[in-house]
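The letters A, B, C and D name the chains in turn, as written, and every chain counts its residues from 1.
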């Protein structure tokens, strides 16, 4: 340890680490012990669905909050993960060399060739982990290298989500069309109709979410995390220090895509259906609102925000179908316009934040700044921008 | 101090999850019975019984499904006023399907497992029905589905009170054939109902010497029909068979008129346009065009006159009634008939009693087919009048027995599977 | 030959519709950097204005003509309201305007459903705009010719206004150098508001002509918003002429691909082409080369 | 053998027909501390932009025997070319320490990047000491005073281990004492690197420049020591208008800045 590492910062770092550990402990107890005890199996299943959304939110928090990339097309990666899983489950239900029920119904040509590899569970699992990340990496490198960013990137990713949904709907023999894929009997050999197995799926989702949070926390406090924030705040400047911001951003984008893919893959057995309605433009933007409300730059904010918004949607829409739309619109409007740091930036959680902040340098910067709303300059307009290349 | 606490705890969490997953296994797929089926939690001990209405009250389908919800409500009010079912008042639990299959599945699950309703009424799109089907089957509950659909389905747990293909599409083709149509152009939205319907139409056409001159699909929500209508015009078929859905119909018919095509030069027979859609398309743009359904507001019968009058009294004199609304209204009465025949609200009892239950519906007498859970109904071809209502032009010879898999039509043998 | 003429016309026509939907965006997004997702709902508001005018006036021909300026006003006022209440505090974070205006668009859609009902409404076209007109043996829909003419008129009017009027000069000055404009006595606040008024007003006009083409319902805006943004992006920021070219190119590509494949595939191919195009020219057709001093 | 020198040959930058840098030839050797001066719009900053890869240019810009033109910005930076900006550009939401650590780390492996920073790398500690920001190590850069931000930028240049340093108005807004310190620092650094400074502050220039290049309308107008440049009638004409002027007049004008 260097003499320059001040005693104060060391102490606060230690305290921050404890705060994070305690936070994880509490979350684990809530998810693994309290929730299953107090919720009916139906409500527990709903919570499992929210956790899948939360997984996507963790990734969005990293890419958008930390990396400044407004990812409006996460539904694509969520959808890839989900459809991969759904294809495997349909093929597994159909048995060796069998044809899934919906396909047999509307097509006589049998299983398309590109479905075949997903008869294997292992291939499917690997594909779920790799394909969304790979697609994001290719897209990211292509667009970020060409310095397509800010609004351009946002609108392109949105167009991607639109195209993906159109493709899914337009190919019903391979994708189930607008219905999507559903009616799954088993999950890697376990019956999905057995409540015990359904609860197990919930536990898996909870565990995966916690693991993701740990991974993202590690990324956030690492040197890479600092570099990512630097890219968000001033991409050009990073370039002049000898880094390629395209690579830095692509990594965060790919990680976010992978998390969205995993969220989608778990969504399928938990909810029992995946349809184009879950992956298009509207759900893709919907995924952002929880992140915005919870606090896009924080670790826990996106997760809590996503769960809270999904919960509010279920319970509010039960009572006021049209009221929910107004509420959703208002939340977007008010939170983003007046509270860009999300609820995490409110005074009430400030004390807690300060503790976490100590372990998390960027948050420390924000809090010390006295600015309740750290606003990432997502589309920096540089004084030194010079001519556009 | 440990160097990688995060990594270590991640590993711990992974092991924990894996451990849990391995330790507490539920039943495997191949176990006998495939796991425990949930016990029904329907409570019939009091003087009321719960039923669920599941319709899209928000989103793109709310346009149509709100009217279905209203007719269900009307039927429930009437039944309650007349003493309820088996002496029990109906208590409605309404849920919003939000025009999304996933939400339909989730809300169906909630109605069955959380609210413990005796039966669920609703759904509109095929997607919503297909999304709900496994939920009803795995919980052994009942759904009454009120909309015409593409057939090739039957479930112990669903009663289909709208038309299947042999009660709507095939009669429509019979009508066109009788009118001397020898060539057709098929236009539809790019999803399962139009695609399946067009497969049936092509098989029928082949067997009956009708030429299919073209087949075009537009994505749902497509707004510019210039190219498609130009193709239709240039193909020069005798008639168009239209399975477009929703807003696309408006853009299609406006373009159709703009290019100078009319019901006289090239009629467009539609199977998804009912009374309440006519206003949005514009009567001018669609007057004189044929449609195929099993019910129109203009049907002259005491049952229908009462239904229309009651509906307008409850929801406004400017409201119209349409086929899916009538089918929904009818579905609640059919359920009542089944329950009363069975003397029980229990699902197996209702299923067993279903066959032959009949009702004097606004569309005419309908009878439940206990084998495939569809109902026998009369097919009607109507023409859109200048007042925006639809007038019966042609009718089948009495109620047609439902045949969702088209087993009684030799030319359709290659379609399913 | 028939096909050629028809499809060239359909491409131009599709392009002119895209152009009308995107022209206002080229102003608010291109010139001010605001990503206004509620632009589509301003279009919807224009369409409903036409519906209301027709209910009030009755005669289809008159009401259509009255609707055009009325819808411009309605769209413009909605835009000013949005700018003054929310967007003015957000110019330094353009990406967030996307989310805020998305919220606004959700609210406006629901409002339309609650006010006008969930079912679509119809605005009958006046007699002189319905049916086709025959030219050299080809028939062209009158309404599409009208839209094409209107789109061209709108572009000409807008570029003349930007070039010749004092307001236009102020807008251009503010876009090019805000500080300099301010210090030379231009009220940039007023310019921002006016720019937004004009941009949103154009959306209202687009809404009126769309009543000639399709359904008038709460989803009207969502059908056009993504396409409109693609036009502006492909055209290049801050360029009216870029938007014009992009709109007609996209319209033509869409109609040709749709003719030889299907509408769904055409949509997907179009999006793929846009992505590929941006790889080659990330700044759109026209790149503004400036050297910012600051 | 001294391979580390900057040599511009026929360097030209144009924006849509406007030629901002017009066929410039320029050589700066290692150990030099070269000041680029000239009126506004002379092309000083654009020249730096071209060398650092920010704007496309034609001609040649060789450093250490390799042509820099046509390479990507971050590649040029990795070749040992560092620069600062007119308005100090630092990562406002990161602390001083984090700013410097990032500047020091372009060569780090992925594995190092994915780990948390432990302690302070010696080069960063040294740089903080040099630019006097040690006390403010954990302060977010956004709340530093203007002068401190400029110091931080210079510090980032130091830890970046650049062999060609280009500074754009490094002392604008600094107090006299701060300027003094900056000047001495630049002198010290320039002993074994190549330093180019764009500056309007003529006092500062006269105090610390080892050599001067005057740019005017994109062209090199004059080059040499401070005294030589001040005596150049061409320079006087640009700064004072046509006609003959005494060296004193020139000194007064150039000395007071433009």
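For this structure, a couple of remarks:
The rule we apply is simple: a residue touches a chain if its C-beta (ideal position, glycine included) is under 8 Å from a C-beta of that chain, and two chains touch if they have at least 3 such contacts.
Remember, it's a predicted structure, so these values are computed and weren't measured experimentally.
Averaging the CA coordinates per chain and comparing them to the mean over all protein CA atoms picks out A as nearest.
Comparing chain pairs A-B and A-C, the larger number of C-beta contacts belongs to A-B.
Rounded to whole angstrom units, the spacing between the C-alpha centres of chain B and chain D is 73.
Work out the mean CA point of chain A and of chain B, and you get 35 Å between them. Computed centre separation for the pair chain C/chain D is 46 angstrom, with centres defined by C-alpha atoms.
In whole angstrom, the spacing between the mean C-alpha positions of chain A and chain C is 33.
Within chain B, contacts with two or more other chains are made by residues 58, 62, 190, 217, 219. Within chain C, contacts with two or more other chains are made by residues 110, 113, 262, 264, 267, 289-291, 294. Shown for chain A are the residues in touch with two or more other chains, namely 166, 169-170, 218, 322, 325, 376, 383-384, 386-387. Here chain C touches chain B in the complex through residues 2-3, 6-7, 10, 13-14, 17, 110, 113, 118-125, 130-132, 139, 141-144, 212-217, 219, 222-224, 254-255, 258-259, 262-264, 267, going by the rule given at the top. Residues of chain A touching chain C in their complex: 68, 70, 72, 142-143, 146-148, 150-152, 154-156, 158-160, 162-163, 166-167, 169-170, 281, 285, 288-289, 292, 322, 325-326, 328-334, 336-337, 340, 375-379, 383-388. Looking at the complex, you find that chain A touches chain B at residues 17, 21, 24, 28, 40-43, 45-46, 49, 102, 104-106, 108, 166, 169-170, 172, 177-180, 182-186, 189-191, 193-198, 200, 203-204, 207-208, 210-211, 214-215, 217-218, 271-275, 277-278, 314, 317-318, 321-322, 324-325.
Listed in rising order, the residues of chain C touching chain A in the complex are 29, 33, 35, 86, 89-90, 92-96, 98-100, 102-107, 109-110, 113-114, 226, 229-230, 233, 262, 264-265, 267-268, 271-272, 274-275, 278-279, 282-283, 287-292, 294.
Partner chain A is touched in their complex by these residues of chain B: 5-7, 9-10, 13-14, 16-17, 20-21, 24-31, 34-38, 57-58, 62, 95-96, 98-102, 105-106, 109-110, 113-114, 125-127, 130-131, 133-135, 138, 152-153, 190-192, 195-196, 217, 219-220, 414, 416-417.
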